[in-house]
Amino acid sequence: MIGITMIPAEVFVPKSGTMLWLLVAAMTAVSILFLVILTQVPSRYRKPMVMAATFICGWFYLVEFAIPSPRDAVTANSYLRKAEFNLRLAEHSITPHYGDPRGRVDPKINGGAERIKKARESVDKAHLYLSKAAEEIARIRVLREKDYIRACDEAERFKNRYGLTEKMIERSADDHKIIDLRTKALKKRVSDLGEALSKIKENDEAVMSAAAGLSDSSASKQREARDVLSAAADGVALIRTSISDNFLTKYQPPASNILSVIYGFSIGLGILSLMTIHGKNIAKARPGYYNSIAFYAALIIMAVAAFLNEYWKSAPSFVKPMFQEVLFNGALTSLQATMFSLVAFYIVSAAYRAFRIKSAESALMMAAAFIVMLGIVPVGVAMTSGLHGNLSWLRLDNIQNWIMTVPNMAAQRGMAFGIGVGGLAMALRIWLSLERGSYFDKQM
Amino acid sequence: MDSSTVFIQIGAIVGAICTLAIFSVLFKENPYYRLFEHIFIGLAAGYGVFVTWRDVLYRLWWEPMINRGQWWWALAIAGGGMFYFIYSKKHQWISKLLFGALFGLGAGTFFQGFANTYFPMISASFKSVVPPMDVPLTDAIVASANDLVFVLVLITVMAYFFFSIDHKAKAMRGTASLGRWFLMFAFGAMFGSTVMARMSLFIGRVDFLVSDVPRMFWPYAVGAAILIGLIYFFFVEKKRRLNQDAEPKTG
Amino acid sequence: MAIILYKILSARAGKQLFIRRIPGLSAIDEAVGRGTELGRPMLFSMGLSGLGIVAIQALSILGHIIKVAARYRTRILIPVADPVLYTIAEEAARDAYESEGAPEAFNRDDVMFLTGDQFAYASGVVGILNREKVSSVFYFGDFYAESLILAENGQQVGAIQVAGTPQIMQIPFFIAACDYTIIGDEYYAASAYLSREPTLLGSLVGQDFGKAIILGIIIIGVISAGVLSITTNSAIDAMLIRFINAFGG
Amino acid sequence: MDFLVRLHKIDRRVMYVVLAAVTTTILYTTWLRQPIEVTPEVRKAYQTVEHLPKNKIVLVSIWWGPGTVAENRPQMEAIVRHCFKRGVPVVILPWDQVGSNLAYNRVEQVAKEMGKVYGKDWAAFGFRPAADQAVLGLRSDFQGTFKRDRFNTPLSEIPVMKNVKNWQQIGAIVETTPSGTVGLWINFIGQPYKIPIIYCPTGVMVPEGYNFLDAGQIKGMLPGLIGAAKYEYILKQPGFATRAANALSASHVLIILLIILGNLGYIAAGRRENR
């Protein structure tokens, strides 16, 4: 990526040599100037500025998300939507029971023949829409390809005019074109569309083979057809999202890069905090100051060894194993793994204390934990492995499985909805600066 | 024995010392643990600095700016610099400007994630509670009973989380408390299902100590442990007890 | 979203709203009180939260706790795992002390950064819990496998502990080891419940409506699925499939 | 009665010592057997290895590190033992820095035990980042993608890998992993070339694994540590996994016992107060 807007705004040209350093220095000065100006902002403008910053930043992601799809893919998208709908309809027509993969539609009873016929019709329709969508996507792909080539030519001309060096430009691996943000976005669009095309073809073939199996009324064939149809419907839904990016989507990676860099600067704050606290401990020789010395030693040795290992090409041969085997594998990962394994002990004492039949609630927790704990280990499984046939559902491993997939899953989902909506409300309050509390109420 | 094997063995011994140090906290917080806690934080922080530089600042900032001539990246200093205004009493608000922007981004990404995460969960909850007709009767009953339980649990649990309805209200009392019971049952199940993974972690550490650490380490370790224990008891603990007797307890 | 906004605005206009009791949140004040009685410091951990709405909610709760603590000049230790959050937490803490008129009670060293490494952070907090003999501990934020390490150590030093996290998998461990645990989206109700600020209460009622809508959709979906299993009428089928599909992709 | 009441408040350190002692003792008790029931997914894995051709290599992919070594290493070991027993060549392919050493050391031990020679019967690569590119590359150009083994020896000098040109010389993939990485192999190797994949996830990843199994995308699975124990059971070579499974069972039973004791004490204490 050469620049955010390399071609239209010719100011943003990569530089090299002295000019680069001058500009970097100048931009640093501008940054500092900007910060100085900020210090002079009168206090009554401060709050609105913070609110505006919050609003604009939230807006970027919200709008990117809310705008459905680019102009060029609207038609293709609607075809795909129709195809998906018909696939689901076909799947349903040959499913005797919603959401249950078993059973079959018998053509002889209960309007079965009618249902199979309907499924065939729907599949044919889906096929039709899929081919229409493919046509449409192929058409816009050609257009985007042309755009891409044009943009590349422009970038090439640009490169020659400003004498950019090889290091400063990024080339795409396959066709040696210069890549900047715009060409990159176009290239991605072309390849996305190409991929969508081949995916459509794949799904279409699967659908047609499923259609051939539809008239076979055996349960296994029907189940196979159902699986194919449902997978194809999911596939089509995926294709729709893959071609639905809009004019803001391409700015997401650079935005997240900028964000990462700004975040990266904050590591200094954290380390500074650690170093001052431990520095004070040492300076004042507080009790346990030798621990702080150990902290400093570990921090410095680790950081120095890591940097040497990465960047010092002609380092003596002990540097690499010293860092990798002793500091990283030996010390750091052992400490992490052991700290993690402490949970094994704490889980015992916590269970012992908490699972008491004081109340219905803790008794219930205890019962569920008992069954699940026994249902996973061989000893527990062996306790009830004698149950066969009609009683096999009473086996501990089966009950354990049922608890985890039915009531547990449902309860987790019920909570997840609440947390999702709660988060949404919170996000909304933040975005519109409606949040209250000491931090947010303070005058600036 | 080549030199890399030696380093691997040194690493294993260092690992054993660290492992024992952390395990010692199970008995009591002690100077040995405290020392390794500080070393741990130091190592992690040191490695964190390196990773932040290599994966973020170098790759995304320094490299494009210096090697590819994208001089405008220097402007990021303005953004990063805003953090450091928290140390100034007078100009604190500048950091708030940055935080405001970051809050906004956080909120925006949540909006984006919301639909992707929760819509599929909604549609996956559409369970048909009607027994299927073309399968054996027992299977049909089981299937529909499962779906019924699922929907029931889901609804009662969601009902429990309504904040603006008093749980003392008649219609809510039963539903919400049923929901709470289901929740507790599910929590018990989650607890039970985690035990095995955590136990295997401990087994992993034991296995590490036994099969990866060189055997010759152990006599020294036991000797050192006894020595440290004796020193600790005679010097530190005795002194502490003496002090305790001498001075009245403070704070 | 529109409903939440509407409720916020109508609450600001002065409409009275009812909120049920949430035991875990009522316990916060009790825990702060105990810290004051014992004269030992308290600890507030946000776990591994990075900057996001979970952390902002945790900061709101922190603000409330500090306000109560500042009245009695009780120390509160805040170890943080994310450098950006560390800076914000420091500001939030300072602001809270200032708004209670006790800026001198704020000690910058009480807010400390402890590395972003999950278990290094846990080991540090364990050390602090034990050394400072904390009286009460609050866990609000994103917690993962370290939840039980922290909560059991807090239990061992005899602290009264209150926890809440949106990470569902960690709630059982907090329930087992803490005195009070707030569950699920009670987490997001916390700031409204504690402050009784009309804006927040309104938002809370808005959330209820949001959940009611989801619940309604699910009930309709379940009925549709049932109907789909019985009927063979193609018009109804098409309609219901359309409905179910609306949430599928 | 007093004894019962005391059960109400067992000191946590006593529990920790008992837990550590019981687990460790059982972990190193070789004669103990608990009834093990072999499940179909493990039997399928066994059958797959049993029918592998001897002229193709088995790629053992290592994603784990010290965190899940107790679950993933026995899985790897059980399958490697089976392969060695049948004379199927094994190649270790680590994507984790620490796991690279842990896996190599264990396989070396096993090889020594079973009289297998490095280079002839098995080989190992060093740690590699960027797994997706490597997997994409090895399908068409195995030699060019990897170039050298763990000890920087060119592949052309290692008998077992000399003739591996592309996917056609790969007999099976063994995926030992603590996270959702198996999709890579399924999408790029398993599905297009019909190369069997044996999936060895940790306990928490198991439910997801059954979906792959149902869809036929993997040809067998060792669900967690218990899966490895079951595999050893079929192999009739009880090893670490069997012992570790015993230890797990014991620790579960121990916890349940402790909870029951705690409740007995609680009831007893309640009675005494009432009196």
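Observations on the model:
Think of it as A, B, C and D in the order they're written, each chain with its own count starting at 1.
By definition in this document, a contact is a pair of C-beta atoms (placed from the backbone, for glycine too) under 8 Å apart; a residue touches a chain by one contact, two chains touch by 3 or more.
Computed from a predicted model, the values in this text were never measured in an experiment.
When every pair of chains is scored by its C-beta contact pairs, the maximum goes to A-B.
The greatest centre-to-centre distance from subunit A, using averaged C-alpha positions, is reached by D. For the pair subunit A and subunit C, the distance between mean C-alpha positions equals 24 Å. Put simply, the C-alpha centre of subunit A and that of subunit D have 28 angstrom between them. One finds 19 Å separating the Cα centroids of subunit A and subunit B. One finds 38 Å separating the Cα centroids of subunit C and subunit D. In subunit B, the residues that touch at least two other chains are 8, 22, 25-26, 34, 36-37, 40-41, 43-45, 47-48, 83, 86, 92, 96, 102-103, 106-107, 109-110, 118, 122, 125-128, 130, 132-133, 151, 154-155, 158, 161, 183, 187-188, 190-191, 194-196, 199, 201-202, 204, 208.
Contacts with at least two other chains are made by residues 53, 56, 84, 87-88, 91, 114-117, 119-120, 123, 168, 172-173, 175-176, 183-185, 189, 204, 207, 211, 214, 225-226, 228-229, 244, 248 of subunit C. The residues of subunit D that reach two or more other chains are 12, 16, 20, 66-67, 69, 101, 203, 248, 251-252, 255, listed in rising order.
With chains as nodes and touching pairs as edges, the resulting graph is of another kind, matching none of line, ring, star or complete.
Chains that are in contact with each other form these pairs: A-B, A-C, A-D, B-C, B-D. Subunit D makes touch with subunit B in their complex at residues 13, 16, 20, 23-24, 27-28, 66-71, 73, 101-102, 105, 202-204, 224-225, 240, 244, 247-248, 251-252, 255.
Taken in their complex, subunit C has these residues touching subunit A: 1, 4-5, 8, 53-54, 56-57, 59-60, 63-64, 66-67, 83-84, 86-88, 91-92, 95-96, 98-99, 109, 111-120, 122-123, 145-146, 148-149, 151-152, 155, 166, 168, 172-173, 175-177, 183-185, 187-189, 191, 195, 197, 199-200, 203-204, 206-207, 210-211, 214, 225-226, 228-229, 232, 234, 237-238, 241-242, 244-245, 248-249.
Here subunit B touches subunit C in the complex through residues 22, 25, 29, 33-34, 36-37, 40-41, 43-45, 47-48, 83, 86, 92, 95-96, 99, 102-103, 106-107, 109-110, 118-120, 122-123, 125-130, 132-133, 151, 154-155, 158-159, 161-167, 183, 187-188, 190-191, 194, 251, going by the rule given at the top. By the touch criterion stated above, subunit D contacts subunit A in their complex at residues 10, 12, 15-16, 19-20, 34-37, 65-67, 69, 97-98, 101, 203, 207, 226, 229, 245, 248-249, 251-256, 258-259, 262-263, 266-267.
If you check the complex, the residues on subunit A that touch subunit C are 84-85, 88-89, 92-93, 96-99, 110-111, 114-115, 118, 234, 237, 240-241, 263, 266-271, 273-274, 276-277, 280, 335-336, 339-340, 342-343, 346-347, 349-351, 353-355, 365, 412, 415-419, 421-430, 432, 434-439, 441-442.
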